[in-house]
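Heads up, there are several structures right after this.
Shared chain: chain A. Partners: chain B in the first complex, chain C in the second.
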Partner chain A sequence: MLAIAPFALFVWASRAFLRYEAPFELRFPWVPWLGVEVGFHVDALALFFLLLITGVGTCVFVYAAGYLGEDPKRRRLFSWLVVFMAAMIGAVAADDLFVLYTFWELTSLASFMLVSYHHESETARRSARQAMLVTFGGGFVLLLGFLVLAGLAGTSSIQGVIAAAPRFAGEPAARFAMFCLFVGAFTKSAQIPFHFWLPDAMAAPTPVSAYLHSATMVKLGVYLLARIEHVFADDWLFGPTLIVVGGTTSAWAMVKTLRERDLKRILAWATVSALGTMMMLIGLPGAEGAMALVAFVLAHALYKAPLFFVAGNVDHCTGTRDIGQLAALARVMPWTAAAALAAALSMGGFPLSFGHFAKELIHIAKRDGDLYTIIGYGSIPVSAITVAVAAIAAVRIFWHRGDGSIPSEMHEAPFSMRIPPLALASLGVLLGLSPHVVDPMLQAAAKCITPDAHLVEIDETRELLGLVPVYALGVIVFASWDRLHEVVAKVKLPSFLLAKTHLEKSQETAVHLASIVTRTIQHGRLRGYAALLFSTMLAALALTLAATLEDGRTLVAHARLGEIDGARIAVLGACVLLVVSAIAMTVLRDTFVLLLVSGLMGLGVALSFLFAGAPDLALTQFIVEVALVVVIASVLLRVRRLGIEHPPTPASPSRLALSLGLGAAVALAIVAASGTGTASTALAEYFGAHSLPDAHGRNVVNVLLVDFRALDTLGEITVLSLAFFATARVFAAFRREEAGR
Partner chain B sequence: MILALAVAAGAIVFAGVYLILSRDLLRMVVGVSILGYAANLALLASGRPEPGMKPAIVPEGLEALSSAAADPVPQALVLTSIVIGFALTCFSLVLVLAIQQRTGGADADALREVEPPPTHDHQPALVEEEP
Partner chain C sequence: MKGRILVLEVAARFLHPLMMAAAVWVLLRGHDLPGGGFIGGLVAVCATALVSVARGAEAARASIPLGAPRLTAIGVGLAATSGLPALFADAPFLTHLWVELPLGFTQLSIGTPLLFDAGVFAVVFGALGGLLVSILAIDEEEAP
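Our next item is the complex of A and B:
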């Protein structure tokens, strides 16, 4: 049922394509002050990808319904597939660099969630994390490139950037942006040295592999570079970089294919190789490259997705994907075998298939220019191994005799798993029979990449002759696959050459560093935390003081004692009492005396309140001190009973320095605060004037507490009662334990 | 007046910080509690009090506070602070008591149950692994 949504979109996109005349746009502001808007620009290239996303999407949804059956987690898979499809549509339709980036990352996120679908498996979790690290890491570099590009062009609209490209062509910043975009595209499209995540992502369920990791998401990097090719086409590094990276990836992936036994991983490496070819096609000069690219993207989606479906069917029906254990499945699974055969025809580029048409276009594109002839010859082995892989997937496991180790319990896949691969693969063959059906579409899409793209005349005989060595070599590779596999599997590369090792090592280092940092900052020693806290306070106070005490005279002017009268003497006496008791507290041994002195200190504070015009405060302080004595006495009695010693800790120089420094800083800060500027009396005047008329109270402090700040006081009462209840509970528990001894 | 209050507050801060930095839990609590006194004095000082100032009470027959009266705003803040400080001190004292009963000591450095000391290989020491 869920397949209706993508199918409807597919129908809509097809209709839009048939009536296509000019790109249509949709824009609304997003971050106006940065000039970023949610802009969509749907032209032929975007429509082409939309067709791909929705078309393959329809098949994937149908297939997934059969593949998952009654899996309890299937809702999760479908939700993320829908999210992914929406993100993909957004990414190819976006016209704003930052909108594109957002959708780009959303596809990575969906990929992470889908690869980790079997989250109970350690391998799946690790593969998902690895894929996420690589693609998100590349995404950040991509964002950097987008920022530079938007800064250069003065707009973040892709069409705007393309239009502004001649203005900044050749600037070093433009080249920097280009390489940032390369990194982003290479990580997404699994190019060397970021290629390793894609085969590992095969831990995902098969519909996911078919959809994300072969037909659509991994082509996003290709799409991006094709989209902005125009901006960098004049840079002499653009083409060669893509050709070298794409060519190397394409060749290396084929070597890796030979090392695999798992059908899905074999197909994954073939996908990496195909992506490399696509990168190469973008880098090739001339108008034929664009045509070949678009045709190849379509052909690849039409054969690789069904082959993944076939692999899924085989896995589903036999319980294994090891090509060594699979043989002669055609009898049991005739439908799947037919789909595999059709898809493999296209993959191998055999005549009468759409893959053949694409391959011819690729050959023509590569022939353009003498320098690139060598690429044409170099790609013969790559194509040959592709042929062999196609034969493995279609011929070997279905028609080859095999030995006795073939699983005996086999059955054909259910209906919903047979239709999607058959539909896609037969479409690949049908389009191969009459490529002129899609020619206008390809041409329109290619024109968005290179404006002078045009239909290419194909000289059938010449192309077929050129492909003969490929087929011949392919058959040889297929025949000697097992022997080649043994040879290649023995080769071990030094691990420092493998990007995967470095990624894993850096992950370990990150955890290690984090633990060191955590251990240093969060060491678990209470006194250390306190010391850190006070040091920070001291530093902050010292900095503030240094900034405000430039004029030392201000301080001196406010340091006068003034006239001597009774109240002044009383306050001075209270302060002397405070200082003396403070010093005494640092040296006292006995805790009881210590607590008494702390009570004395409260008394001193209360006295200074009393003589500074604050009798309410003094009264409160007295009451609190009395209450505190009761609590302290009861606590101390019990402490005594526990018989625990409370020796004072010997003074260390740093402890003395810190406490003395902070004390001095606080004293200075108080003086400095009262010495700078004039006191604001606005609040005092306001409350003084409104207390009686508004709140009918003469005691302004009381009115403030219970009227103007009543909510504050309510909070205070709440805290007080909470503390009371907590204290009572802890105390009660203490007494129970004591009684139990 | 300000100077006297400042010196007193400075002395209290000195004693409070000194006590908090000791190993004895009880002293730590006392230190926190007297830091509150210093804060109250500093708050009071922000109202620029003068000795013998009249309390912030509107006299009979007048509608508004006279300018010679003390600033009521810091006083209201201090009043809240005293009460909250009292609640805090009581609760911490009882907590210290409970800790002493559980661990049989009052050494702050020995309280490592939640954040155990690091192992030698700098691996994070997991609490779950502790016996």
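Our next item is the complex of A and C:
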């Protein structure tokens, strides 16, 4: 049922695409003083991605319903899938760098929640954490890049940045921003050296892997760079960096593929490799690259998602994903086998499939620049292994006889798990038969990347001839897969070369450091805390006083004797009360009496407030003092009854020194503050004058609280309520523990 | 709770409603005279403290209307809501609005600050009162 929402969006996006003439925009202010607005700019490229997101999304929702069955946690999966889809839509439609960033991080968050779906499993938790650290870490760098870029362009609108690009091209800051964007895109799209999280993220349920980790989310990095390509197109480092990183990733991932036995992980590495190819396509010069890129993105979504579905079906129906244990499944799972075959045709780039069409475009794009001919040859092994992987997923596990160790319990997947892979895969084949159906769409999308993108004439015979070595090599790899696997699996790389080990090590170090810091600071001795607090106070006061003295101000207060009236005498009386009770505090030993005397001191303070003309403050002080004494008294009673009272400790010289020092510093500070006459009365005058006309109130204190500074008050009461809720939990737990004893 | 003081208990029965009335009065007059939501809330907390000293923490807990957590949450909600009407008047969040009601002999000003102040009152009462009760409850002996 939930699939209706993405499907409706899909239909809407298709309609929008068919009638597409000009990009439509939607913007309203968000943070006006920073020039940030929630802007959406839906052009053909965005629509193209929207189609992918909603189209694959529909299949994923249908598939997930069958895959999860009656899983009690399925509600959580579906809600996060919806969140993810919304975030993806927002990310590709956004026109503001910071809006894009927000949605970008939201997709990472959704990915974290979805990978950790099986949170009982340690591996799933670890994989989720790792994926989150990598993508969020990259996200921060990306934000830095966005900030620099927005600063350079003077606007945070992506279209604005592209328009302003010629103005700041060649500046070092622009290059810095470019590399920040690279890091962000490479972490998201799993490029070397950040590639390792993607195969590990396969701990997620299969619908999630198909949706997030192959068809959509990991393509965000590709999308971002394609979108922003114009800004950096003149930088001579832009293309080569992408080609080197993308090329290395796509080749290295294929080597890693050979090390795997798990069908899902094999597919994941193939995805990493495909993402590398996409990066490379962005980096290639010439107009054909853009066309090839969008075609390949579409083809990849149409074959990789169904292959993941197939892997999910196999896992679901046989209980294993180890290709060594799977064979001859076609008899039991004819539907799944058909889907796998159709998808694999496209993945391998066999003629008459859409993958073939995309692959030809890629070849043309690579051929375009003379310098890059070598890439064309270099990619032959990569394509060959892709062919082999496709064959593994479609031929080996379904038709290969195997050695008879077939799982005994097998059945075909339910209906809702058969339709989505079949639909997507057969669409891939249909589009391959008649690519002209999607040509206008691809062309429109490609034009958003490079304005002079155009249809490419494909010379069929020449291309087929060029693909012959690929197929030949692919068949060889497929036939000798097990042997290759043994060889590659034996090779051990030194661990310092692997980014993963560094990440894990830094995590361990962080935890270790944190525990050291916690042990040092949170030692649990109250007296230590108090000493630390008071010494900090003393130091701060002493520094301020020293600064005041350096300014050449005198510390001596100008004692002025005004006329002596009733209020002054009353304040004087309150001060006498204060002094007397303060002296009493130093002499008395019994905790209860001490408490009462300290309450008396508070009373003295309140009295002085009252007569000095601050009745609000005085009232508050009175009440707080009363409540405090009641509460502490009851806690003291309890302590006394339990017999866990500490005997008062004898005075130590260091504590005595601290007390004296702090007392002296506070006294000096008060004298300095009242003596220098720096206290400005401007604020008081302003509020006094504006309180009644502007805020209809005569009580300036209250007007300040509820009107002029209402946002502060709102913040304060929020903090207060949060503190209450937190402590209430602690007290409730405490009471439960008591009751349990 | 044993060892109750009868005089205190009887006094609390009379004083509690009085103190609550005083709290609300302090809240209402706050905009022009000393008082306001914060002080009013504190007075209400003191009323709760009185009940708890006289009749025990459970009685005090019951004396907080709606229960402390709910009251606190409602308070934050009230204060935040009072800032919303400003948005419809094209003013920044929390700009307070006033309505003047002519009452013949005088004018009555009613505005969103009262709502805000009532929110502050509820939060202070709920959070501090709730905290007070849960601290005092530690001293309570378990019911037999």
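To be clear about the criterion, the second predicted complex is superposed on the first by the 550 of 741 C-alpha atoms of A that agree within 3 Å, B and C clash if a C-alpha of one lies under 4 Å from a C-alpha of the other, contacts with A are read in each partner's own complex, and residues count from 1 in each chain.
As a convention for this text, a residue touches a chain if its C-beta (ideal position, glycine included) is under 8 Å from a C-beta of that chain, and two chains touch if they have at least 3 such contacts.
Just so it is clear, the model here is predicted, and its values are computed rather than measured.
When the two structures are aligned on the shared chain, A:V626 is found in touch with chain C, with no touch to chain B. In the overlay built on the shared chain, the residue A:A732 is in contact with chain C alone; chain B does not reach it. Of the two partner chains placed by superposition, A:T123 touches none, neither chain B nor chain C. Within the superposed three-chain model, A:P615 lies in touch with chain B and with chain C [touch as defined at top].
Looking at the shared chain after the overlay, A:L658 reaches chain B, while chain C stays out of its contact range. Of the two partner chains placed by the overlay, neither chain B nor chain C lies in contact with A:T536. When the shared chain is aligned, chain B and chain C each come close enough to touch A:T713. Of the two partner chains placed by the overlay, only chain B lies in contact with A:I583; chain C stays clear of it. Judged by the touch definition given at the top, the superposed model places A:V635 against both chain B and chain C. Set side by side, chain B and chain C differ in how many residues of chain A they touch, and the one touching more is B. Shared interface residues of chain A, touching chain B in one complex and chain C in the other, are 615-616, 620, 624, 627, 631, 635, 638, 698-699, 701, 705, 713, 720, 723-724, 727, 731, 734, 738. By the touch criterion given at the top, residues 1-24, 26-28, 30, 33-34, 37-38, 40-42, 44-60, 63-65, 67, 69-73, 75-76, 78-80, 82-91, 93-98, 100-101, 104-106, 108-109, 111-112, 114-118, 122-124 of chain B touch chain A in their complex.
On the chain A side of its complex with chain C, the touching residues are 615-616, 619-620, 623-624, 626-627, 630-631, 634-635, 637-638, 695-699, 701-703, 705-707, 710-711, 713-714, 717-718, 720-721, 723-725, 727-728, 731-732, 734-735, 738-739. Interface residues of chain C facing chain A in the complex, by the touch rule stated above, are 26, 30-39, 42-43, 45-46, 49, 53, 68-69, 72-73, 75-76, 79-80, 83, 93-94, 96, 98, 109, 111, 113, 116-117, 119-120, 123-124, 126-128, 130-132, 134-139, 142. Of all the residues in chain A, the ones that touch chain B in their complex are 512, 515-516, 518-519, 522-527, 530-531, 534, 558-562, 565-568, 570-572, 574-575, 578-579, 582-583, 585-586, 591, 594-595, 598, 601-602, 604-605, 608-609, 611-617, 620-621, 624, 627-628, 631-632, 635, 638-639, 642, 644-649, 651, 655-656, 658-660, 662-664, 666-671, 673-674, 679, 681, 683-685, 687-689, 691-693, 698-701, 704-705, 709, 712-713, 716, 719-720, 722-724, 726-727, 730-731, 733-734, 737-738.
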